[in-house]
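In the part that follows, the structures are each spelled out as structure tokens.
Okay, so chain A shows up in both of these, paired with chain B first and chain C after.
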Partner chain A sequence: MDLSHIFNTKKFFSLAFCAVFFSLLSFSAFSEEHAAADSSKVSATEAHVEEADEDISEVILHHIADSHEWHFFGHVYIPLPVILWTDNGLKTFLSNKFGHNDHGTEILDLEGTKLVNYHGKYYYPSDVKSANGTYITYNADGELLNKKPLDISITKNVVSLLISVTILLIVFIGVANSYKKREGKAPKGMQSLLEPIILFVRDDIAKPQLGHKYRGFMPYLLTIFFFVWLNNLLGLVPFFPGGANVTGNIAVTMMLALCTFVLTTVNGNKNYWGHVFTPHVPWWLYPLMIPVEIVGLIVKPVALMIRLFANITAGHILILSLISLIFILKSVFVAGVAIPFVLFISVIELLVGFIQAFIFTILSALFIGMAVEEHAEH
Partner chain B sequence: MILLALNPLVTPDPGLFIWSTVTFLILFFLLSKFAWKPIVKALDERERFIEDSLAKAEMAKAEMAKLISENEDLLKEARLKRDEILKEAKEIKDQIVNDAKEQAKTEGSKLIEKAKIEITNQKLAAMAEIKNQVSSLSIEIAEKVLRKQFEDQGKQEALVNDLLKEVKLN
Partner chain C sequence: MIVGSIAGIGAGLAALGAGIGIGNIGGKAMEGMARQPEAASKIQTAMLIAAAFVEAVALFAVVVAFLGTR
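What follows is the complex of A and B.
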């Protein structure tokens, strides 16, 4: 048929995509190591040369981590509401109520509930001040011993999530409306921008993995694809409304992976569970195979969770490390090298943002596809 | 130390987990209901429409080709028929001409025959008349000559003598 060559080119493109992805995967892994090495080097340099210098790795981690306020520049920030489920019930306050002391040196009194802010997190203070002036105690292994209240604050990531969700809702409901309004006509504007991507998700992700059952899973795959992609892109924007590291946060990727896991488990058919509990091996291998299969069930979403988290976080660490070089070497001329590199990595991160959304979606589709497959390939 | 510092990164924060789950699920349900359903439906419908249109176009093309070939057949047939008719007409014409010629010929020859007979008859009649005329004329002439001859007595006697002489010889 006339379409076969197009199909072949598509296949070719997916192959090319996979190739690029794997090379980038190794690249990101490398960069992560690299970044880690950099940071350790950095801290070593500091320790030896610049005692008073700010701990760069801490700065980087602070930028990647969640926060109780949205910092713009200098002293301009938006305080975000802190919601804590403490031993004495729910406590709500704005994050700037007690100033900005996050070194754990000051006890915050919330109508009788005592708390301490240590690196942006709220803990119950230790009874006595430790040697370095904080109310935080570590054991000999360097583990933090203080207990924490359940923190369900509207943090920077939550706000960013709400922003991205709002954008997605506005954009896609708008697009859906234009589909209704312009029924039977050619797409226009936003519609024609997003239609190829929707078709890409349908024809290159859902259909090959799910076969004729793809229709029921389209909403989930589309939601997850655009959610991950938009948040990846927003994470790359250094200023409001971007800047939060949503898809590089393990809680978010865990939630996404868990959704895929739940869908897989709920939709698993007889074949799927049969494959898990009665694999096609001699019976005496069952004690070995069944645990392996069960581990396989759990490892799949865990891999999903870690892949997205690690890729996005690695990219952020890399960019921040390159920028930090300017401050580590204390020379503005380093910028001449660092900025082109940052630009280069940023462009790669744009690609990675898309590829990771694609990979997350296609693997979700693959796992669901395995669960709903009619005939096991054995 | 760096591993320890990374530690909070790989520890899922329960608060964020709860919020992201809630927002994602809300997003999923809202988008499924208000965005994906109409979009996917519209895309499917459009695809079906395009497919239908293509199929229809194909059908129309086939129909057209059929019509064209039919037309050609008809034309060919018509041409054949025309040729046949022309041929037939020619034949008929030839026959008519031939027949006419034949008839004319026979008619002509018949006429000629008749004319010939007539001519012969007329000739015979004329001959007979001429004979009659000649005989009557000769008789008249003879009468007149005789009369003239016999007006003179001497001559009459001479003649009779001559005649008698001849008779004597015999």
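What follows is the complex of A and C.
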């Protein structure tokens, strides 16, 4: 049988690459879960089954949250610097200075400033120990009463942001330089990889939405597209350079949406503001229409923010909960179903990572396009 | 006795609505592409944007459900 046509195609290599990559991915995600599951197993034998379920949801939320250290496997961490603005001024230390106790049972003494680490966050301790041995107090509604110092630490998300910014700068400065050097010639190396994507952003995103004014907004659109895409992809990699869930952090997506909001507001022309403050309705409807239009201005970036955040977070939770099924049902045979399904979802997440970057960019372009449109159509 | 948050039911209902919405969008887009294959790329772009708007509503519900759990 002649199989050469299969092995000759590029398709085969990309398939093989994907297969190897994802088997690695699911395995490392599995081993990462393993350590956490061990602790939940111990507590399950001690207490009820419900408590184990509680532990698993805690593990999942821990994995998608920001943290003060970068966890590799088992007990291997990179401690990250903690920078706190406390009542007594600025305090800096490495997060492993006081060990890994994050149950709030131990008071950390920083030259007179007392702090307590509770679920990875730093609080001022309560005066008395509560019934469960922590220095954290809750009121009757289950709200945390302890005050928090201002936390401006370099956390995992910040480090991941710096990594992705470095990657983007290296790649794109290199590409830009080779465009300068090889002006008018065919692209080469990294250029050939990125040129179709840049052209895609220009022809399919910027031009249809912005018309002839697209040139001025291309830098912003390209930046936001590659930034969101790279961070989505890095978030899917479970080991070191990735795994930080940057675009699944609402603060990051809020800043991105705010950039779009500022651009639309600054670039809004007469027609745009006219549409907001003197809409084409009978004058007695103005008290109703103007607030609605103003709410519309704010809701657009808020929707951008929530869409990216919720999509990425939901994807991560889905993958983690499918892996957790093995530990919830306490049978290794579930892995036979769960792991292939995780593989499948991971492939879908790759697609979602791209689509969300695309949607974020195209909606930003759409909103900017609305603001700079020359004449109203009605 | 069943113990849990009612937020899950809300998220489920939202998923139902979004499912109907995205199903309609996808179905109509496919119909359009079948009728006019040369316009496929334009239809795809418009479809993705519309799907994103529908999806956003469902995701709002998911976020509300998250906040409602506790």
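Definition applied: the second predicted complex is superposed on the first by the 325 of 378 C-alpha atoms of A that agree within 3 Å, B and C clash if a C-alpha of one lies under 4 Å from a C-alpha of the other, contacts with A are read in each partner's own complex, and residues count from 1 in each chain.
Definition applied: a residue touches a chain if its C-beta (ideal position, glycine included) is under 8 Å from a C-beta of that chain, and two chains touch if they have at least 3 such contacts.
Computed from a predicted model, the values in this text were never measured in an experiment.
In the superposition on chain A, contact of A:D204 is made with chain C only, not with chain B. For chain A, the partner with contacts to more residues, out of chain B and chain C, is B.
In the overlay built on the shared chain, the residue A:N249 is in contact with chain B alone; chain C does not reach it.
Of the two partner chains placed by the overlay, only chain C lies in contact with A:A314; chain B stays clear of it.
In the superposed model, A:G142 makes contact with both chain B and chain C.
When the two structures are aligned on the shared chain, A:V175 is found in touch with chain B, with no touch to chain C.
In the overlay built on the shared chain, the residue A:L363 is in contact with chain C alone; chain B does not reach it.
In the superposition on chain A, the residues of chain A contacted by chain B and by chain C overlap at 142, 309. Touching chain A in their complex are the following residues of chain B: 1-2, 4-6, 8-21, 23-24, 26-28, 30-32, 34-40, 42-43, 45-46, 49.
Within the complex, the chain A residues that touch chain C are 142, 204, 208, 303, 306-307, 309-311, 314, 355, 358-359, 362-363, 366. Taken in their complex, chain C has these residues touching chain A: 41, 45, 48-49, 52, 55-56, 59-60, 62-63, 70.
Interface of chain A with chain B (complex): residues 36, 39-40, 43, 57-58, 61, 64-66, 83, 119, 121, 142, 150-155, 157-158, 161-162, 165, 168-169, 172-173, 175-177, 179-180, 183-184, 195, 198-199, 202, 215, 218-220, 222-223, 227, 246, 249-252, 254-256, 258-259, 309, 313.
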